[in-house]
Structure formats: C-alpha cells, structure tokens
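As written, the chain order gives the labels A, B, C and D, with residue 1 at the start of each chain.
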Amino acid sequence: MKAARPLPEYLVRRYQGWKATTYSDNRAWYRTLAAEGQHPRAMVISCCDSRVHVTSIFGADSGEFFIHRNIANLVPPYNPDGDHHGTSAALEYAVTALKVAHVIVLGHSSCGGVAGCNAMCSGQAPELESKTSFVGTWLNILRPGYERVADLPDDKRVAALEKEAVLVSLENLASFPFVKEAMDKGTLSIHGLWNNIGEGTLDMYDADEGKFVQI
Amino acid sequence: MKAARPLPEYLVRRYQGWKATTYSDNRAWYRTLAAEGQHPRAMVISCCDSRVHVTSIFGADSGEFFIHRNIANLVPPYNPDGDHHGTSAALEYAVTALKVAHVIVLGHSSCGGVAGCNAMCSGQAPELESKTSFVGTWLNILRPGYERVADLPDDKRVAALEKEAVLVSLENLASFPFVKEAMDKGTLSIHGLWNNIGEGTLDMYDADEGKFVQI
Amino acid sequence: MKAARPLPEYLVRRYQGWKATTYSDNRAWYRTLAAEGQHPRAMVISCCDSRVHVTSIFGADSGEFFIHRNIANLVPPYNPDGDHHGTSAALEYAVTALKVAHVIVLGHSSCGGVAGCNAMCSGQAPELESKTSFVGTWLNILRPGYERVADLPDDKRVAALEKEAVLVSLENLASFPFVKEAMDKGTLSIHGLWNNIGEGTLDMYDADEGKFVQI
Amino acid sequence: MKAARPLPEYLVRRYQGWKATTYSDNRAWYRTLAAEGQHPRAMVISCCDSRVHVTSIFGADSGEFFIHRNIANLVPPYNPDGDHHGTSAALEYAVTALKVAHVIVLGHSSCGGVAGCNAMCSGQAPELESKTSFVGTWLNILRPGYERVADLPDDKRVAALEKEAVLVSLENLASFPFVKEAMDKGTLSIHGLWNNIGEGTLDMYDADEGKFVQI
C-alpha cells in the first residue's frame, strides 16, 4: 500500500499526550478490557457528523457503547442478499454476539445527509439520483420518511425529515428477525433521540404521544 | 413506531449533566457549528468496538473528525451497483462534499470482527459462511487479506489479520475514482493505524518500510 | 500513599455534571444534611453486587437509608472478641447511635457469593475452604443455611440458598443484644427481602407463612 | 424467623413505582445483567452514611460499580486469620474474581465514624474503648491515621482525620498480596476521594503533591 502517508504531526503529539495521561491513568482498565473483552450495554447508531459525539453527551466510559456511525444515522431494511451490508452486520453483531440491551438511534439538527435527501426527493439534486452516487442510493433509505413530510413547507420539511430519519431507522430495525426476536423476549429495547446541536437539547421519541418530546 | 421505549434514566441524568457543563461552557462554539456547518479536517474509519473511541485517543474537538464506524474498520471495494453502501456513501460525502484532507483507517487489537473473519476463512465458522449472515458477508471484504496471512501459525495469524484489515481498506479506498482523483491532485492523503488496546500503543503503516511501526 | 492514581477523566466529567445539576438543584438540602447530620429511618444490608442498587429500587433520597453492603448481604453471629467486625460495627452504630427504626436485609438472584458458598459447602471449591481465603471464611457465615437446603437438587439449591442468606442474617441480627433490646422495646423491626434481578420482582419474608411471598 | 415484619407500605409503593417505570424501561438490560453476569469496572469503598450515595455522584449505571459500604470507608490491614472479614472478602472477590480495574476509596465530611474515632483516641469516649464495642474496635483501624494528626488543634483535627481515613485505607489496601500483585501487573489502580457533603465538592488525593486537591 504505497500511497499511505505518515500521520500529521499534531495528531502524533496529541496521541502521545493521551498515552501519557488518559491511557496511563486508566491502564488497568484498558488491560482488563483487552483481556476480558467488551460487554457494552447499548449499541448507538449515530451520524458520521463531526459535531455529534455521543460519548461526550452521555459521559461514556471506554467499553460502554458499541457505536456505529453512518450518514444520517440510517438503518436499511432487512435484506439478506449476500451483499456487503455494514450497518446490518454491525446490528447483527451487537444483538446476537454482544447481546446489547438497547439500540439507540441518535439523529441531529443541521444534518447534511438529511438535507441532501430532501433536495434529492424534491427534484433539486439530480446528481444524487444517479445510480453511481453512493450518497444518493444510501439516502434512498429515507425516502419513505420523505413521503410522510413531503407536504410540509420547505422551512419545516428538513427539520421534520431529520426526525423521520430516526423513525425510519427504528421501523427498519424492527424488520430484522433477530431484533424482533430479542424485543419479543424482552432482552432488547429500541430508542429514538434527536439532538439540536446549537441549543444542546435532546428530544426523545415518545411512543405513547407519537411524537418527539424534549428531555 | 410503537415499540420505542424511553431512554434509561441514568442516561437522561448524564445528558443533563453534560448540558449544564460541557455544553454550557461551549455554547458559543456549538452555535457556530450549527450555523456555519462542519469543516472537519479528516475522516476516520474505525471499528464499532466500544473500547476504541478515536475522539479520546486524539483529543478531538467537536467539529474536527468526520467519523464512520463499522465492524472491523473495513472499506469495501468500489462497486457502484445502485445498492445501499453505507461506507462508500460516507466516503463519498467526506471526500467530495466536505473535502476532507485525510482519510485515516484505524484498526485495533482483540477485534471480534477480525477474529470472526479468521474463523470463517479457516473453515471453523460455517454459520458466518451462510449467505444470510450479515456479519459473514461483511467480513468477506477482508478475505483477500486472509489469503496473505493464511500460512502463519494460528497464534500470529489473527494479529496479522488485524493489520491486513487496515491494508485491505487502504487498497480499497484507492479503488474509488473520487479518492484516486483527490490523491492525484494532492488534496487528500490516506493513513493506516493500529491500536493495541491493552498497551495503549499506536502503530502506523510506513509505506517506505512496507510495514507497521510503533509511534 | 505514593500508589494512588488520578480519577479517570470520564468520572471527573460525570461528577462535574452532577455538581451542576443534582447538587445545584438540591444545595439547600445538602447543606442542611451537613449541618444537622443524618437521621435515616432504616438501615439496609445488601450485597456489593453492582446490579442491585437499593437507592434505585426504593427511590431513596439522600439522608434516607444507612446502607451497609457486603458479599451476599450477610450478618455474622454476635461475637464481641475485640476484632474488626465491619458489619457488626455498622449495625451497632445504626441501632444504638442513629436509632434507626428498621433493619432491612436485601438478598438477590444470581448472587456470586451465594453460588460460591454452595460450591464450597458441597465440596466443589476447595480453594474457598482455605483459611487464607477471605471469601471462603466470610461465606462460612451462611453454612447453617446450606445445611437446611443441602438435600435439594442442584438446580433448586442455589435459589433456596439465596433466601437462606437473608434468613440466616435475620437470625444473626437477633443475636445482638442491642438489636434484641430495641426489638423488645418496639423501637426496631427487621425485614427480609429478595430481589430477582432479571424479572425485577421483590419477595418479602412473611413470618406468618414462614416463607417468601412476592410483593 | 418469627420476628421479621412486613415492609413499610411506603416502601412497597415506591418499589411498585420503580417496577412500573425504571425496571420496565430497562427490562432488557436487567435481563442481560441477570443472564450474562456483572462486569463492573470499579470497586468503590464508601461509608454507610445515608448522605453519600456514590451512584448519584457519578451517574452510575446498574452493573457499573461493585460497592462495599462500611463505617468510615475503612479497609483493615491484611490479616488472614480465618475470621469473618467482610471488607477483606469483598476486596478479594472484586480483585480476584471480578478483576475490577480500580478500587476507589470515597471519604466524606461530617463523618460520624471519624468523629467517634477522634473522640476515642483523644480519651473522650471510653465506651468506644471497651472491647465489646464493635464501633470502637472497628475504628481502631484508623488509629494510625489519628497519630499523624493528633497534634492539630481540635477544630482542624477531625477534618484532617476524614482524609486520613482515606489514606489509611489506601495504605492497607496495598498490604493485600492480591492487590499488590494486580497493581504491579498494571491491571489495578487505586484512588482516594473525599466529598464535602454540604458544598458538593470532591477532593482527589494527588500522590505527586502528597495532598488532596479539589477537582
């Protein structure tokens, strides 16, 4: 792999700082984690967005959350066709091998992926509709959510679609047989959240109310 | 989405603690991030494993890294077939929309995904070879790496395969036309790392030496 | 004490979150508690097990329960030999200095200590029978309970022994003169509970029925 | 056990509330904990005092901390004499069976046990010096700490002795061979904290500075 380059020096220095402080102060725990393996309580599915780090929001310890991050925190529908499905593989591993007790889908405001889906579905982004656009084909997962908010005025539609990204993912989660089975047995529960980046608020989907409510 | 459940109370309390401290102390920056969007310098592709949080190792700020996490930090080969490819979509978005300057692949020790690939490829995990195993079909991405280390004795093979997971991903990265183009223009560089969880060490792939060297 | 290490950073952050929320919202009460001292209504004796937090189950306020936690929620027999007896000291302080009105012994399912006692008493854990095993000598307190369930088949014996751990402790409680005296005066009552962790149920010892009944 | 009484009704009602809310919302996790066992990161040794609940201060999850609570958060010296040593048993189980990575000793202000030790050691509490006083013999563990602060004026001595209770415990911890061994291997670290109840502050023992510093 000739093309690989050295790590930028500022990251080397930061790593060395971490090694001398955080790692050094927690060596015993890192060694236990290495020797005993991980036993995370929850899987979190969140966006790749650099502004949303779930470990910060929830003061998470190393070993606490199994975290999958993709564009717009989407879970595709169950489709065991033998192709490479990274999200489905992460979900299967978390539920069947690690036996996590929770799957938490965390959406957020100002999501570029969701904005792209809105543009695509409303005909303003033909480049995303090309079969060769990975982003466009990925965001197609959210199209059923778009249909439910298509009639909203422009200024409200994107915010509503960010929450649909959480709901569509929760719906698709339940289409996986191993998720359904664990939920039926009472060993797995699923949760929907949406974070407003600028305000620092967190909304939780309330199934009884049928809407998101601020915590 | 009737099945969604309330968030566990201890996470609500921890979130409220974060809101009153980290968020409150950094409100101006979160508002800027919300208003101006993200401008991350690097995309990081790492494992979902709960023991490896790249934001910790590199002291990352909000807004700094665009992070994709999947099982075994794998990048599949370029394959624009119109299906949902979460990793390829995240890569495309990072390189073409966000124009990140680096893609960093971060592997790690004691990786359950890599151990599963080794078991599958050496014929000890027939359940992963089933077409309906998402984990198995996902780990097939790493099969070319397995072929290169297949002759090693058992006790060395898994560790070698963890590093192959980084190298195969770097190779596959370069198969994406938009990655190749950005690398050729000099606007993107790619990097391979491997973290020993228990020892806290970080090895970097050195293209000149053709091997990983400890930082 | 050269060997002490700094607190892990994630706990520092969580503490700071608590300080800014729970403490800040209840400052007046914490200050009163500091100035006026504690006046707990009950002492609770429960297991160290990380899965059983009595403050959660009973929604306990700060200042409400004086809590002693040890392996398998055991109370040793009265034995004033001048040695260090942590459980007896806690009991003496609660009953004679704090004058609590209740002592509640709370057992639980899947108790590692009780399972160890069963293994030891049935001859399957010689390492616990060593005089240098603190765990083994501690679990000897429960041996009279083992004798009462020794004839049960294996699959029922451990569950029965978990309840014996509560009963033996209640019996030993009554062997302390200051406990007996307070009970005789009608200023103290004692209670036995057993919590099924997985099912969330709570069984209470019913002295009239002579058995545990689910609440 | 004829003397056991029914649980006070207000606790029955609170338990039922917990069952319908916290347990119900977290059933999956409680079932996982029951089936998979506990894997706590840390053992905490704190006081029975009803005003100091470590799970609150650190936003702890069920399954996170193995908690031993006794009078004045004391660890006795290593003394494998075959008697019942509850603290030593809890420590042995945490370090050798659960393989926790941290032992945290948490002291606190206004500690009745520490005040009692001060009274006893300065000759003002002859009843505690009786061999039949469990509290007095237990508090004797702290006598070496008293010697180090005996010359301080009365108004400063008790506060200093509260911190000595943490230091003596840390020193005694290191006298246990299995603790020493795990520390030497780098799989266990020990930590000293002191909580001011009224102010909500937390002081950490800094081994480099040789004193407690506020976080």
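Methods note: a contact is a pair of C-beta atoms (placed from the backbone, for glycine too) under 8 Å apart; a residue touches a chain by one contact, two chains touch by 3 or more.
Heads up on the chains, UniProt names are A, B, C, D = Carbonic anhydrase.
Everything numeric here is computed off the predicted structure, so don't read it as measured data.
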Pair with more cross-chain C-beta pairs in contact, given B-D and A-D: A-D
Inter-copy rotation, chain A (Carbonic anhydrase) to chain C (Carbonic anhydrase), in degrees (Cα atoms; steps of 5): 115
Interchain centroid distance [CA atoms averaged], chain A (Carbonic anhydrase)/chain D (Carbonic anhydrase), Å: 39
Distance between chain centroids, defined by C-alpha means - chain A (Carbonic anhydrase), chain B (Carbonic anhydrase) (Å): 14
Set of chain C (Carbonic anhydrase) residues in contact with two or more other chains: 5-8, 13-14, 16-18, 22, 24
Contacting residues of chain B (Carbonic anhydrase) [partner chain D (Carbonic anhydrase), same complex]: 5-10, 13-14, 17
Touching residues (chain side chain B (Carbonic anhydrase), partner chain C (Carbonic anhydrase)) in the complex: 13-14, 16-18, 20-22, 24
Chain A (Carbonic anhydrase) residues touching chain B (Carbonic anhydrase) - in the complex, by the definition given at the top: 1-8, 11-12, 14-19, 22-24, 27, 30-31, 33-35, 37-38, 40, 43, 48-51, 53, 55-60, 62-71, 74, 76, 80-94, 97, 102, 104, 109-110, 112-113, 131-135, 137-141, 167, 170-171, 174, 183, 189-193, 196-202, 204-207, 215
Chain C (Carbonic anhydrase)-facing residues of chain A (Carbonic anhydrase), complex: 22, 25-26, 29, 59-62
Chain D (Carbonic anhydrase)-facing residues of chain A (Carbonic anhydrase), complex: 25-29, 31-32, 35-36, 39, 41, 59, 61, 63-64, 99-102, 182, 185-189
